[in-house]
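Heads up, the next two complexes both have chain A, just with different partners, chain B and then chain C.
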Partner chain A sequence: MARPALMLLAALLGVTATVTPALAQYRIGMSAAIAAVLVTITLGILLRAAIVLVYTDRIRHPLPLLGLANPPRRLPGGAVVSTFDLLTVAVAATLFVGLFAFLRLSPLGIQMRAAGEKPLLAAQRGINFQLLFALSWALAGFAGALAGILYANNVRLDPSLGVLGLKAFAVALVGGLDSLGGVIPGALIVAAVEVLSVRYGDPLLADVSPFLCLLAMLPVRPWGLFGTREELERV
Partner chain B sequence: MIPDLELENLEVVYHHVATAIQGVSLRVPPGAIVALLGTNGAGKTTTLRAISGFLGADDAQIVGGRVLFQGATVTGRPPHELARRGLVLVPERDKVFETLTVQENLRALVPGARVDHDAPRPPVTLEQVFHYFPALAGRRRQLAGYLSGGERQMLALATALLCRPRVLLVDELSLGLAPRVIESLMALVARLRDELGLAVLLVEQNAGAALAVASYGYVMEHGRIVYDGTVERLLAHEDVREFYLGMGRRAGRRSYTEVKQYQRRRRWF
Partner chain C sequence: MAFGGGYFKTTYAGDLALIDTRLRRAALGLLVFALIVLPRFASPFMLDLVAQTALAAVGALALNLLTGLAGQVSLGHAGFIAAGAFTTAVLVEHRLPSPLLALPAAALVGAGLGVIVGIPALRLKGLYLALGTLALHHVVLYACGEFQSHWGANTGVSIPPPRFGAWVLKGTIAWYYALTAIGGLVLVLSVNLQRSRAGRAWMAIRDREIAAESVGIDVARYKVLAFVWSSALTSVAGALFAYQRAFVSVEAFGFFLAIEYIAMVIIGGLGSALGAVLGAAFVTLLPYGIDAGVAALRVPGGAEYYLFPLKFGAFGLLMAAFLVFEPQGLVGIWRRARNWVVLWPLRYRPLRPAS
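Take a look at the complex of A and B:
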């Protein structure tokens, strides 16, 4: 297939991956959050199969194709990181600050948090919570796409990248599912354990270390470091 | 005069089989406080939910009748649309967002249009809200989950006011509150009616508190309206006095047979 056609197909897949759960959430409404989770997982499996069918499951490196370079940079302390590593940190920080400000300060963000807590009461206050649920899916899709683009350019691109999401889920659970601020310490802990286990243990431990963190955390604080106790009922 | 809110023979069925309310008709004229009295399970809350469009969440359906809001049929419209039109509910439970601060609770809403097609609606400001509920002003930054029962009720009323209601539907304002708090909240509802020109449908088990501020009342039993009239008429009715206000000639200690007859009598109210 010609390159423009492939790019169009990729864009189409991306839009499907974002819009379908959003629409599903809009239709399902508040009745079943678990249904939305299942929709996401199912869609993930289907899209992965579609990607393998169209692109094969070969590992690719998109940077040369895009004509970009990823030169190493020396940090003040002497550590060497790639340009895309720095870019990833900068984008993540910007996204986090933006999201935090949006949810804490903007009327729409406050409405979104309200709808997340009590959809029925939100509706009674004139909030179209189904629309807000769809918007939150779209935001999640946007953040996921951004993360995917940065990772693919920095490391590799292959259809099994979705597994990375599980690591992110471990981070969210360690930080506390309902705590936006808990994401940062959660991510730092999981990353530190991963790096240290590679340095002082076996490099193969890297892939399982987030789940080891999770296993260590669950018996002690099942609601996460900064989560709310009651949130457990909703998981 | 067109009533602000009118129910015509409303009938609601749960899970396709269980009839909860049947042939319920009532009118709330502009600027009036109307009380809807009834015991547990009489169908009061179901009636309110049917009006405010909550039924989808409970697997309940309106199978007959109409809800008219300022002359227009609004039966089964989604709750957010009804709230924006000015039909605002203060629910019985789950009335504030507990993970949000008081200030954020007061912002977590979409107010209706400033002006209706015919009647101008009172634009309520934050300052006005803190003027009506001074207790909330000092707790702006506190999480609503830490408020007391009375303060939650105030916050719920305050947020409802910011939605710019024409008709306020209040479900069990007195639930779990001390008599003095109930008295002051009821007085506040009457004041809001006077100053903002609201119509209020007050659903209560505490008949004494409701009839103290209402001008008209309906009594509901087993999903039907069994009696209605002006407050004077209700207060003069022997059964209302006996069953809802605990007054009347049979009040006081009763034998077992008297209680049995009492229950039978009430069923045929």
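Take a look at the complex of A and C:
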């Protein structure tokens, strides 16, 4: 199969895998956020099992299989990074700009923000918020799949890659869950802490450093650096 | 009716009784008797399964106190289990392997962790709380990993069998009796907590926090109390886990273990002690059931490779199915079946009791 077709297939898989929880969410009586988290985790477990069943449980390096190389590049200033590192930065930037434009400019994006803010009100204005929630899951899945493709090419492909997704929680929460602009500072902070703890600590510490950032942020500003401050509920 | 006389009680003793009808008392007596005589009939493998279930039930009951009753979702349960297990490991490393010391120490460490988590958790709700506990799980595992790589052997710490004076607890049958008895004790404790002042306060907080506060429940205090009880019990389960496996290693307490415990309380039925026990049995026995099923099918060649993903996938599928189709869990199915049998041929209870 041609390379682009393979990548498209991976992205499509991500989309279908994430539309399902959106559909599942509406049948659950628990608080929606938690139910969504649990359904996502279980579907992650399912997908991982499916991958091992139909593909392999071994660690693979997809680049040689695809016949591509990942040569190191020297940046001005003397830093050396791999080509896929640069590609990752470029993809992240493109995705960020694309999402920003989508949420700010397109009618669908504006509807999505409205539905996110107040689903009831949005529904009363004729917005199909269930469709939009499904779409947002699909977008998230697409972005996750992109991240997975880039990581697999750059580092390695391994069925337990999904644990990496837990770090994304830390980034999203440090930046602020409802703030797209907060993602970049959030990611930079989490990544900087991780790199510094590899440099001055040990690899074990680096593994938990995103969670340490999360734990440092939660008691002080649970809504994150750039998120909307949540209203307190008090008697 | 076969179960319970409704709300008509004539004495305070009757109101306080845990088991209120003769049928229930007989059934419970029968169950206890069956558990006592089981080692005469069952194979060591079966006994081990029951013991594992009882151990898992301790953890599940503890999580049920926090998530089912107080409504605080915790993805960090495996972290508390690890804390208990590693407390035991630290004591063993310092030549203090007595369980009489290790179990209370684990409970204390767990309670301390519960306070540490519970106080910041007062500010957090829903998703934030889940992620905070998830982060905590990773931090606890990190601390345990550091301990393991610096002081223990790199692969883990061996734990000697628990010793009480001259008597040593070892062998399948002894462990079976010990773990089943402890499981029973924790069950009684958790049922009693549920109907005490604390349990009622927890349920009120779960249902609507503001309403609970407005009727005079000290929400902060009871939330922290829920964390303390839950994590102390969980740590004790962790210490028992360490003794039973005779080995402690960080790898055993991954994120998947936390998900397994969440699955136990959800599959069993949130907020019900019976549900936690049923869920623990279900999740513990599922992989063995699949093993037996595959063995019975006699798939030729290479079936072993598919066993692990099959178990993994079946677990995910069942948990998703319970979340979506049966949020009441096994206990919901049990209640419906019981009502169906009792009420047959009618479908609903009479609205007014027959005079």
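Everything that follows uses one rule, which is that the second predicted complex is superposed on the first by the 200 of 235 C-alpha atoms of A that agree within 3 Å, B and C clash if a C-alpha of one lies under 4 Å from a C-alpha of the other, contacts with A are read in each partner's own complex, and residues count from 1 in each chain.
Here is the rule we use: contacts are C-beta pairs under 8 Å (C-beta built on N, C-alpha and C of every residue); 3 or more make two chains touch, one makes a residue touch a chain.
Worth saying up front: this structure is predicted, and the values here are computed from it rather than measured.
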First (chain B), second (chain C), both or neither touched by A:45: second
Partner chain(s) touched by A:110 [first = chain B, second = chain C, both, neither]: first
Partner chain(s) touched by A:128 [first = chain B, second = chain C, both, neither]: first
Partner chain(s) touched by A:118 [first = chain B, second = chain C, both, neither]: first
First (chain B), second (chain C), both or neither touched by A:222: second
Chain B versus chain C as contact partner of A:173, first or second or both or neither: second
Partner chain(s) touched by A:69 [first = chain B, second = chain C, both, neither]: neither
Residue contacts with chain A in the superposition, chain B compared against chain C: C
Chain B versus chain C as contact partner of A:212, first or second or both or neither: second
Shared contact residues on chain A - chain B and chain C: 29-31
Of chain C, residues touching chain A in the complex: 73, 75, 120, 123-124, 126-128, 130-132, 134-136, 138-139, 141-142, 145-146, 149, 209-210, 213-214, 255-256, 259, 262-263, 266, 270, 305-306, 308-310, 312-313, 315-317, 319-320, 323-325, 327
Touching residues (chain side chain B, partner chain A) in the complex: 52-54, 56-57, 78-80, 83-84, 88-89, 91, 94-100, 104-105, 107-112, 159-160, 163
Chain A residues within the chain B interface of the complex: 29-31, 107, 110-111, 113-114, 117-118, 120-129, 178, 228
Residues of chain A touching chain C in the complex: 24, 27-31, 33-35, 37-39, 41-46, 48-50, 52-53, 57, 163, 166, 169-170, 173, 177, 204-205, 207-208, 211-212, 214-215, 218-219, 222, 233-235
